[in-house]
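Both of the next two complexes hold subunit A, though its partner changes from subunit B to subunit C.
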Partner chain A sequence: MPAVEPALKFVVVGLAPAALALPAARVLHVVAERDFEGQALDLRALGAAQADAGGHVLLVGRAGDPVALHVCGGIALLTARASEVLPLPDVVSRPAWLSHVIAPRGLPSVFVLDLARLAASRSAGCPWAAHAVHPEI
Partner chain B sequence: MSSQKLIARCVLAFVALDVLFNPLVMVAFLGLFRVEQAHAAAFVLPLLVLAKVAANSAFLSAELGVYGRATSRNGSPGEELLVSADRALQALPRRFGIFYATSWSVTYALAFLSVYYFVPGTLGPRSFDAAGMLVAAVWFGGFAFGFPLVTMLTTNASSGLSIDARARGIALDRDPVGLQWRIGVVALALGLGPTLWMMALGYMKEVQAAADQRGTLSALAVSALAENPASEGPAVARLAEEFRRAHEPLGVQRASLVVTDAALRPLTPVPELDPATLARDWLKTAVQRGTAGTWSPRDRDVSVSFRRLDAQRVAVALVQTPEGASSSFVLSAGVFALIVALWAPLCAVILGRAVSAPIERLTRAAREIVEEGKQSEMAALPVARNDEVGVLTERFNDLLDLMRDLGTAADAIAKGDLRVQIHGKGELPDAFRGMLASLRGMVHQISETSVELGSAATEIFAASQEQEAAAASQSSAMEEISRTMDSLSQSAAHVSEAVRGVLSNAERTLENTDAMVRRISELSTHAGRIAEILEVIREIADKSDLLALNGSLEANRAGEQGHGFALVAGEMRRLAERVTASVQDVKRLVSDIRESGSTTVMATEESRRLAQGTTEAARQITFVTQQQRSGTEQVSQSVKGIADVVTQAVSATAQTRTSAERLKTQADRLTDLVRRFETAAERAA
Partner chain C sequence: MDAHVLPIQLDTSWFLIEAHHVREVLGAEPWLPIPRARGELPGVIVWRGRAVPLVDVARVLGVSNAGAEGRARTLIVHHDRGVAALPVDAAREVRAVAREDLRPVHGAPVPYATRELDEDGAVSLLIDVNALLSDLDRASGADDDAGR
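For the complex of A and B:
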């Protein structure tokens, strides 16, 4: 019996090629932006492929000290084989704060956010500014 | 003439009259009554005369007061005042004549009484008789002067009032008093005044003569006693009786003789009527002064004479005769006064009648000429004498002849004969000649004018016929226009009716459109509610999606244990996505519905605007139609008015034509009429 290739699950925000993927295991919770109050990194420029898609705040990192990411666009769960998740070279990933690219059948389509670095640095030096998100009254 | 001037003239005239006659009358009065102590009377009489003058002046002023008001400078007097002033002037001669005569009588009556009281013994009962005659004489004399003098003085004033009244058309209220009656009254006064004066004078002379005769008889008696002196009483008494018998034809009723001493004590028997006692006062004085004397008063029936016989004796005789004037004198004087009283006015009336009768004939003839116009039938008035009235009658006859000639000429002119010749001199013949010349000129002009008038009437007749035909045609055209305007008015009425229907439909459409707009608005509101509900559903779906997503994430973190939950979460998520998709579809549908509603509302608004436009247009059409109809009716009325005017013009033209015909006829008649006047030129032609 052949060995089963492990599958990786990602949370994808937006539509390709502007989609942004986050490892599902690292996403603690998804909150509608109108239900969130607090500081969040503004990533709406990355996933704003759908004009009518609402905004969400993704809580990532540790459970007691999550990092809030304010994103825009539809949110979907994507399951990819491990072979289809390719690491990015440092020259690309480093300035873009990306870690992998998902390339089904060899075609890269979605970049994966480097959540490990983000969690480690606590967003220091990242290109996305933090801003306050207020709940709708 | 002013009233002050008239009053002054009257007062001066009568003052002059009094100044002239009063001294004469006064002297005559004093002489008549033999007033020897005249100083008292001379003091009283002038005062009485002055009072008389003052009373006359006051009476004249009072009587002429109304004339003064009528002739004052405060404008023209009223009719009533003018008539009153004339009435006062007309009555003044009679009233003042009576007053003036009465003033004379009162003055001399008072003068007589003053002499009677101030000079005692001068006047007796016989003087009262004469005074009565004198008072009556001066009354008539005063009236004879006052009446004609005032008549003369007021003639100018009365004439002025009559002229003023005639100029103003006011009839004066004057009594018609005949001239002869005025003359008769004056003649009566003139006759009775001197007659009564002469009667008084004669009466007093008669009385004086009787007294003188009585004195003479008493002197004779005392002479008889002196020639037969007897100391015995019976002899004296016989002598007295013989004397009485001898002189009884002379009126001696009684004779008394007595011889007294120097102290007038009787030496012979005292007779029944003792002369020494009767005339004792006179005898005492007279015996002291002379040897003989006679006392014979006018107002006593006895006379007493004495003669001193010697130093111790005085013979005294008394004779008694009837006192006063003789009855024959009184009778003859009374008859004479009666004859004067009857004859003087009768003669005056007869004489006045001789004067007034021709004047009355003249007056009657003048009245007949003025009021009845009978000068042509009137015969010439007779001329009896060649006095002023006769001359006046002659001139009246000349005037009558002139008027008759002028009347004949006027008749000839009236009959159309303008060839008559007017003779005579003066303004009236000249005016007739001027009138005749003017009439000839006018006849000539009328003749020419009538010919021109006939020609003009013919032209007017022809023109009026043409005008009448044109007016008749115009009247027909106007009637046709009137009928057309009536038809237009009816059409406008129909259009107005139809437009009212359109207006009703448009208003109903507007109401329906408004209802539709309200319904679509309600539908839009409902669609809005659906959209809100869909939004809630979408939110629920989103939350469900997030919940399913988070569930999937949790299931993923749970590993194999969460696989089943992950499947459920995935199904739930798909369900949420399908709900969201369905919601989006429904929202699109609702949006489409709302868009359709909006489009419908817009279309409905357009329809509403159109309906409003239709309504407004219909109203304007109604208004315009009404205006058109009103205008058409006004035009129709105007056309009818014009038609009426044209009809009147036709009638007027017909009347003008008729008038032209009549004018032509009148012009022809005028021409014929003018041909009746034969002028000298035509006759010569």
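For the complex of A and C:
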């Protein structure tokens, strides 16, 4: 019986080629921006291929100490085989705060945000500024 | 003793790179643009199951700022710190050139040009791929084992 390759699940924001993926297991909550109040890293410039798409705040990382990411674009769940999730070389990953690229059939399609680095650094030095998100009244 | 060089074309200019750096010459490869990337390192391709940075060598050499799109060939090159993909317009067969014919470049007409080959007035510059790619790695703040 052939070995079954592990499948990895991602939350994907936006449309290719501007989409951005996050490991689904690390996404604790997805909140509509109108329902969120607090500080969030502003990632709306990434994944914003859909001009008319609404915004969301993703709470990622540890349950007791999540990082809030303000994103723009449709949200979808993506399953990829482990062999399709390729680590990025440092020359790419370090400045961009990206960890992997998802490449089905060898076609690079979506970058994966480096959540481990975000969590470890508490987002200090990351390229996205934190800003306040207020609920709609 | 001969040097083995690969002639490559960027726009209307021809350059030489040492053939031992070249792993493969591919056609135009699909690449994914990196968000907020600088122009020299605009994207990533996939080669043999690994993610490889795309280096806009024409921009680095000051030949063109037109971008990496539309170039018909992609060179996969190996250097001290890893592997990179270089989009070029054309590549010819590897040539053997007498080392004494590769003379030191006078001045700095093009960054990373270390030697030149003058053939009846047609001058081709030899590009130091290792120095070029290592500088890009360092500029990105990559670790010493970057891209391996």
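Throughout what follows, the second predicted complex is superposed on the first by the 137 of 137 C-alpha atoms of A that agree within 3 Å, B and C clash if a C-alpha of one lies under 4 Å from a C-alpha of the other, contacts with A are read in each partner's own complex, and residues count from 1 in each chain.
Convention: a contact is a pair of C-beta atoms (placed from the backbone, for glycine too) under 8 Å apart; a residue touches a chain by one contact, two chains touch by 3 or more.
Keep in mind it's a predicted model, so treat the numbers as computed, not measured.
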Q. Subunit B versus subunit C on the shared subunit A, clash or fit?
A. fit
Q) So, A:P127: does it touch subunit B (first), subunit C (second), both, or neither? A) second
Q: For A:I75, decide between first (touching subunit B), second (touching subunit C), both and neither.
A: first
Q: Figure out whether A:R94 sits in contact with subunit B (first) or subunit C (second), or with both, or with neither.
A: second
Q: Go through the superposed model and pick first if A:L46 touches only subunit B, second if only subunit C, both, or neither.
A: second
Q: Using the touch criterion from the header, give the chain among subunit B and subunit C with more contacted residues in subunit A.
A: C
**Q.** Angular separation of subunit B and subunit C about subunit A, which is computed from CA centres of the superposed model and rounded to the nearest 10 °
**A.** 110
Q.
Which partner chains sit in contact with A:V112 here, subunit B, subunit C, both or neither? Use first/second/both/neither.
A. neither
Q: Look across subunit B and subunit C in the superposition and give the shortest C-alpha distance you find, in Å.
A: 25
Q) Is there a shared patch on subunit A that both subunit B and subunit C touch, and which residues make it up? A) none
Q | Residues of subunit C that touch subunit A when the two form their complex | A | 30-38, 41, 43-46, 49-53, 81-83, 136-137, 140-143, 145-148
Q | Residue ranges of subunit A touching subunit C (in the complex, touch as defined) | A | 17-18, 20, 45-46, 83, 86-92, 94-96, 98, 100-101, 103, 106-111, 127
Q: Write out the stretch or stretches of subunit A touching subunit B in their complex.
A: 9, 11, 24-25, 27-32, 54, 56, 75, 77
Q. Considering the complex alone, what residue numbers of subunit B touch subunit A?
A. 542-543, 546, 549-550, 552-553, 556-557, 570
